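Heads up, there are several structures right after this.
Next come two complexes, and both contain chain A; in the first it sits with chain B, in the second with chain C.
Now for the complex of A and B:
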């Protein structure tokens, strides 16, 4: 019996020893690939920094005015379109010129002030100004339209109060709703916080698929898989070390990014538990590596694998809420989002990093991700085993 | 340059003239000071291992590669600019290296030909007549609709040739057209080439890595690492290294090897036979010396013969001090006598009625054979004959459809994992990690095969010593020359001291020096360590090394014997191999073929044919030749090679099928 136990013990030792040897080999090979190491480093640092630098504000939107009134009132309205949001390019002489500038993309907004603008205001008559916006870029267009509406609205409100003779102290007697926001989790509403985390999660998604897929396809491409298949390694012993080593690389990269870029550069106060965040990241990476392995079974070379990663990436990101919140999605697509592992990961990552949420809040998302991840991973391994087993 | 012009004017009939050619890739010199000339209507050969500079030369002559210094003249035009290269390209056909490399896999045979014809602006009428003729000549008519990627290696090369010839070039340049092609297709390819030369009077520049193809050329340059080692007619190159080849059978073989090695530079075990090249010695003195060295051993079947191109090549290399001086693996002999008899008789591989179907296609049909411990067993066959399927079933990667077998004492149907632990495997393509060092590769495989931790260092050292890898331990595997890489692959396959070794075309791309060193290790493993070695190959030079051969054709074993027995059987079945020497070999070959000798083939200027009654042949051929004013120099018998055996066997079976 003791001999039997020793043999089993020995077999178990061999199993782990082989796994360790293969994992070490994967890390060694990755370390030798200078281009890949540089790309990973870049993605986890500079790329996230650049993404955080993208602002969702309107910045120096070009505006021209057709001022048919040339009065004090019109000058005051025009004066309110200020940098950094707007950049006043000057006055145009007719409406046609305005349309031409919009057509050529030289102006984003054309403000049209009618004659008798001041006269009407002073008379207490309602008056209108026309704002034309180039909305070919929806985001810019929407921002420009809403900013102009705010400015013009405020001007109208001020003009009305002034006309009623309500200024200074007497203003306090007017019944008005004072709208006081309290912005939680990102008090200064810095886009950099949202954008940099979002980019980090995207980078993790790409690499979690691409790195194991590349490692597996490379073995196919160079024929080294043949030598492994005739060795006593089981398919799991060939696959798992790739997933383990690549997960390790991604976790190190994530740590680097959280420490240097998110905390160090953008000064995001990490509210939640970092170990929980890394645990969730490891789980997510495992799930996505299943897709990577699946990709490696259907592609013949690295180029094909990279193409497929891009192809699978797009719907996963679109359905994740990384770019558009789930609330903005039409019905059918909203249901489909429950099948995107990234959806759960994004939710948990923001909740942990910004809100400081713990397992008590996140358990259902974690469970969903685990289930979805297991299915995807088992599918990937099954495909691989069927091809090479 | 004055000297060069003088040489050119001295050879007015040469259509290619290369003088003092140099080509460098960044810091690496590819070709260094090569000069040669090709006459009209000649097959000129460039022979040398990988990296000898053959491809660079051929590309420069084709006008698709610039060179650093020297001169290249084609059809009297100096190729010095793109414009001058363009002016002769229409008269040249170039086929690059690699099976079907210049063809389109998705296109059919006919579409490929049409495409190349359009590219070369061949008129539709000409295309039809040429296509008909070339397809008939290459026997590809039946396959015009088949996509190129589904053709066999030999057929791909024939199609490549058709596409190269469609614009009727005056000079064709073929870069290793027979690499990776089985012997039957190889001989077929040469026959087509011969016929083309005869009928269309074109000239050819052909490169090859096989020394045994040297006799196919009228003129050749023997190349090594960018330099020409020797040039001229094949016989004259061999004659540059006078000496005697002594062949003998000695027992025990490994002990005899280690006794001869210090005295003679070239000693090699080829199967049961020892080949000793006594450089500069007459027959009698050579035999005498060998005999006296082996006085304490059983020596039999000793005889002297002429050295071959490979012996000359190696001797010329060492004369020029070009052989790398890395240590040859030491041969360890003391253990041979200690092997107990029971171990020797043990069976390492038993295959019984193995079958494997792929859908309705039966790839392997009732294959049975046995390999003893300590035996080198060769599985021969063309591409697609079923060799690798048998290999996959025996190594446990593929389940047989029927039949059973035992490998290293384990049942191959039930104990695939146990088999995998007990065998070593080396594939044809280098399948180790090129971005890892020699040492890292060996250590990885040692751990995969669960070499105990305490023995790890000792075992790794043993592999390095056995495979002769001292000095390169820290180098990346990808940066090593082919020969050393193959030894590393072998070392990794041996790291767990397997009892059975599977080798898939182990030395197909290794130079002769490297190949001999490689086989030295295998001989030691088989003779001393009693490892059973199963080799698949379609290279006859590898087959000669085996103790026992099984020849596969269409999924079945059609011959199973020792190489010597196979040669004897050939003589019994088809007669002696005769070499016919005439003054007009091309014309003579045609007449001999018409007289009913279908298997006659041209080797350089000589014709080989098989005949039962050698006396009758002379009576039959001589009047035919004299009628056409061809003078017959001689008809002499030659010992058949394994290639002759292989081709005869396959042809016989092909005829039976038809």
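Now for the complex of A and C:
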């Protein structure tokens, strides 16, 4: 081997051994902060489990009824308000009582059945049922209203068919469209499947920004960055180990969470390729750490960095489709979402984990995430190098 | 308790906050920008659901039926597909959320007076979105059935469709939305965001402020001074409570004047309750700062103990009434839930002291417990 080649190899060896040493240093530093390690562990396990226990749908909405008819028909209608959507609390004697319960938040819906309800129904005369809904929380109010309307509408339709003598077998001779729906990927519509994955993605986002930002700002605040700068390390050798070690921590946490919580506890059938999922996760973590590095360059202490992380993180999380349906966003924000790495990551994570989608379907999202991620990461590195180069 | 010492410490802390310009401005800018982003950004209504059609009949009737979906504002028509395999790929790639398949001989079967099944495929990854879509499909289907049945009955009974209509849909539903008649989601989001932001920001400010002294070592000045534990805690936190109270007013004004949410309740009670709430959330930050040793871990724990309850256990996204027993119990352990009732009560329901005093009392109790716990955990003597 010529001398030149040996020198080059030696340099290359040094380059990598320095990177390895710095990565080890970052991991060690993180490992010594017991509270932080516990927090990270908690986030990847118990926190995801807790989030999975939350239901998004209307569940046992409290309903009271003011029944002015007290007939077979009214009783049959009341009987149809059943769990899981509703919980019938009982009957009230006057409207005032209903308003009082709504004011106190003890009832969500007050159902008012008029006198002569059965009589009108049998006569084929139109009659009206009043439904009062507490809409102070619009999500809940809309759900309760739509379920009540469905129940009452179905009851009216059934009553009409019955009145016209169309029941049982004679229904076979009536032209009707029967709606048969199939729900894919989560046939029993378990909220836990969605919520736990959503929470995991949120946790990854928070940590991917926070950990590298904190690791970099801490050196600035303590002044240890000066020591690093006078050492034979290049800025890249200072910053890449921070990103690599934190990505490693996040990937280990994700593996724990997927194995223990998603697969083990909630029994989500992981349909797609796990290597692909981890590849996408690593890519996403890199992109977000670029944002973290950018934050570390503009803040002087951790308090500032924390506030900036919060400010950048909250809109990214809430406007990414993690909690709210992306289709429902107003126009300008829908376009802005295409610039959020989390938007692509969420799409791909669900598609891989629940739907079993592969590269053939996901290539465009993957390409977008790679492009966007590279831009963000290079920007973060550029800022860091400019400050410390 | 020496008021003078408290005053001096509070003044020192205020100076320190004020001199960190970025931190000081972020303490106000962050809540304002969060309010703006969420106020304009969150829309929970399930609308414009992208869907595709597989029409295997291609008759006048199937087109009529499908147009009910295409014209609905809830659905966003993405085009026709040629076969079921295409639907598989579109749903797997999240290009559409739902597809509807009209079988062959749709028109022929219905005209000959027999029922027929139409299949809809719904993406179940987001369960609540799936069940809302299901509801929309059922409603549209019902409307079509009512048309069919009216036509069929009027033909059978030999009367006009108008007369039959009364028979086919006998019950009218009068829906009344209370407290928010036009169901403007911004009206309920603006007060909910107040709860959310005031739960997240004060503890973060506080925890970072206290732990910074620990990490930098300047806390030893306090340890060796004559100031007592109580004086230190009160003096240290007073500026943060003041900042949060200013934020209460700013956010309240934003909710009313920018987002147009009506405030119907008793402002005096509302502000007293709000001050209790921010004192309480500041107390969370204090407790965290006593446990954590470094600013990073303080920050992490704060985000942890505030964000999860703020999103999941506050009534923001998931109504308390809809929770199962365990979650409901957890919800009662966090202060967010009580303040949610107070803001929604003040803004939309117009209820005050009489209905809400229990919630305010719960917050007060919570505050006392937090501050007492912090007081007993804070030691001036360094552990060996």
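Going forward, the second predicted complex is superposed on the first by the 387 of 389 C-alpha atoms of A that agree within 3 Å, B and C clash if a C-alpha of one lies under 4 Å from a C-alpha of the other, contacts with A are read in each partner's own complex, and residues count from 1 in each chain.
Note that in this section a residue touches a chain if its C-beta (ideal position, glycine included) is under 8 Å from a C-beta of that chain, and two chains touch if they have at least 3 such contacts.
No experiment lies behind these values; they were computed from the predicted model shown.
Q: With both complexes overlaid on chain A, does A:17 touch chain B (first), chain C (second), both or neither?
A: So A:17 only meets chain B here.
Q: After the superposition on A, what does A:319 contact: first (chain B), second (chain C), both or neither?
A: The answer is second: A:319 touches chain C but not chain B.
Q: Answer with first, second, both or neither: which of chain B and chain C does A:163 touch in the superposed model?
A: second
Q: For A:28, decide between first (touching chain B), second (touching chain C), both and neither.
A: The answer is first: A:28 touches chain B but not chain C.
Q: Please work out whether A:175 is in contact with chain B alone, chain C alone, both, or neither, and reply first, second, both or neither.
A: Touch partner of A:175: chain C, not chain B.
Q: Using the superposition on chain A described above, determine whether A:240 touches chain B (first), chain C (second), both, or neither.
A: neither
Q: Quick one: is A:251 in contact with chain B, with chain C, with both, or with neither? Answer first, second, both or neither.
A: A:251: touches no partner chain.
Q: Which partner does A:227 reach: the first (chain B), the second (chain C), both, or neither?
A: Once the two structures are laid over each other on A, A:227 reaches chain B alone.
Q: In the superposed model, which partner reaches more residues of chain A, chain B or chain C?
A: C
Q: Once chain A of both complexes is superposed, is A:78 in touch with chain B (first), chain C (second), both, or neither?
A: After superposition on chain A, A:78 lies in contact with neither partner.
Q: Determine where on chain A the residues touched by chain B overlap those touched by chain C, and list them.
A: 33
Q: Give the list of chain B residues in touch with chain A in this complex.
A: It comes out as residues 395-397, 417, 420-421, 423, 425, 427, 429-436, 440, 443-445, 447-450, 453, 492, 502.
Q: Along chain A, where are the residues that touch chain B in the complex?
A: On the chain A side, the touching residues are 14, 17-18, 20-22, 25, 28-29, 32-33, 222-233.
Q: In the complex of these two chains, what residues of chain A are touching chain C?
A: Of all residues in chain A, those touching chain C are 33, 35-36, 39-40, 42-43, 47, 50-51, 53-62, 102-105, 108, 120-121, 124-143, 145-150, 152-157, 159-160, 163-164, 171-187, 189-191, 193-194, 206, 210, 214, 218, 299-304, 306-308, 310-311, 314-315, 318-319, 323-325, 327-330, 333, 347, 350-351, 354-357, 361-362.
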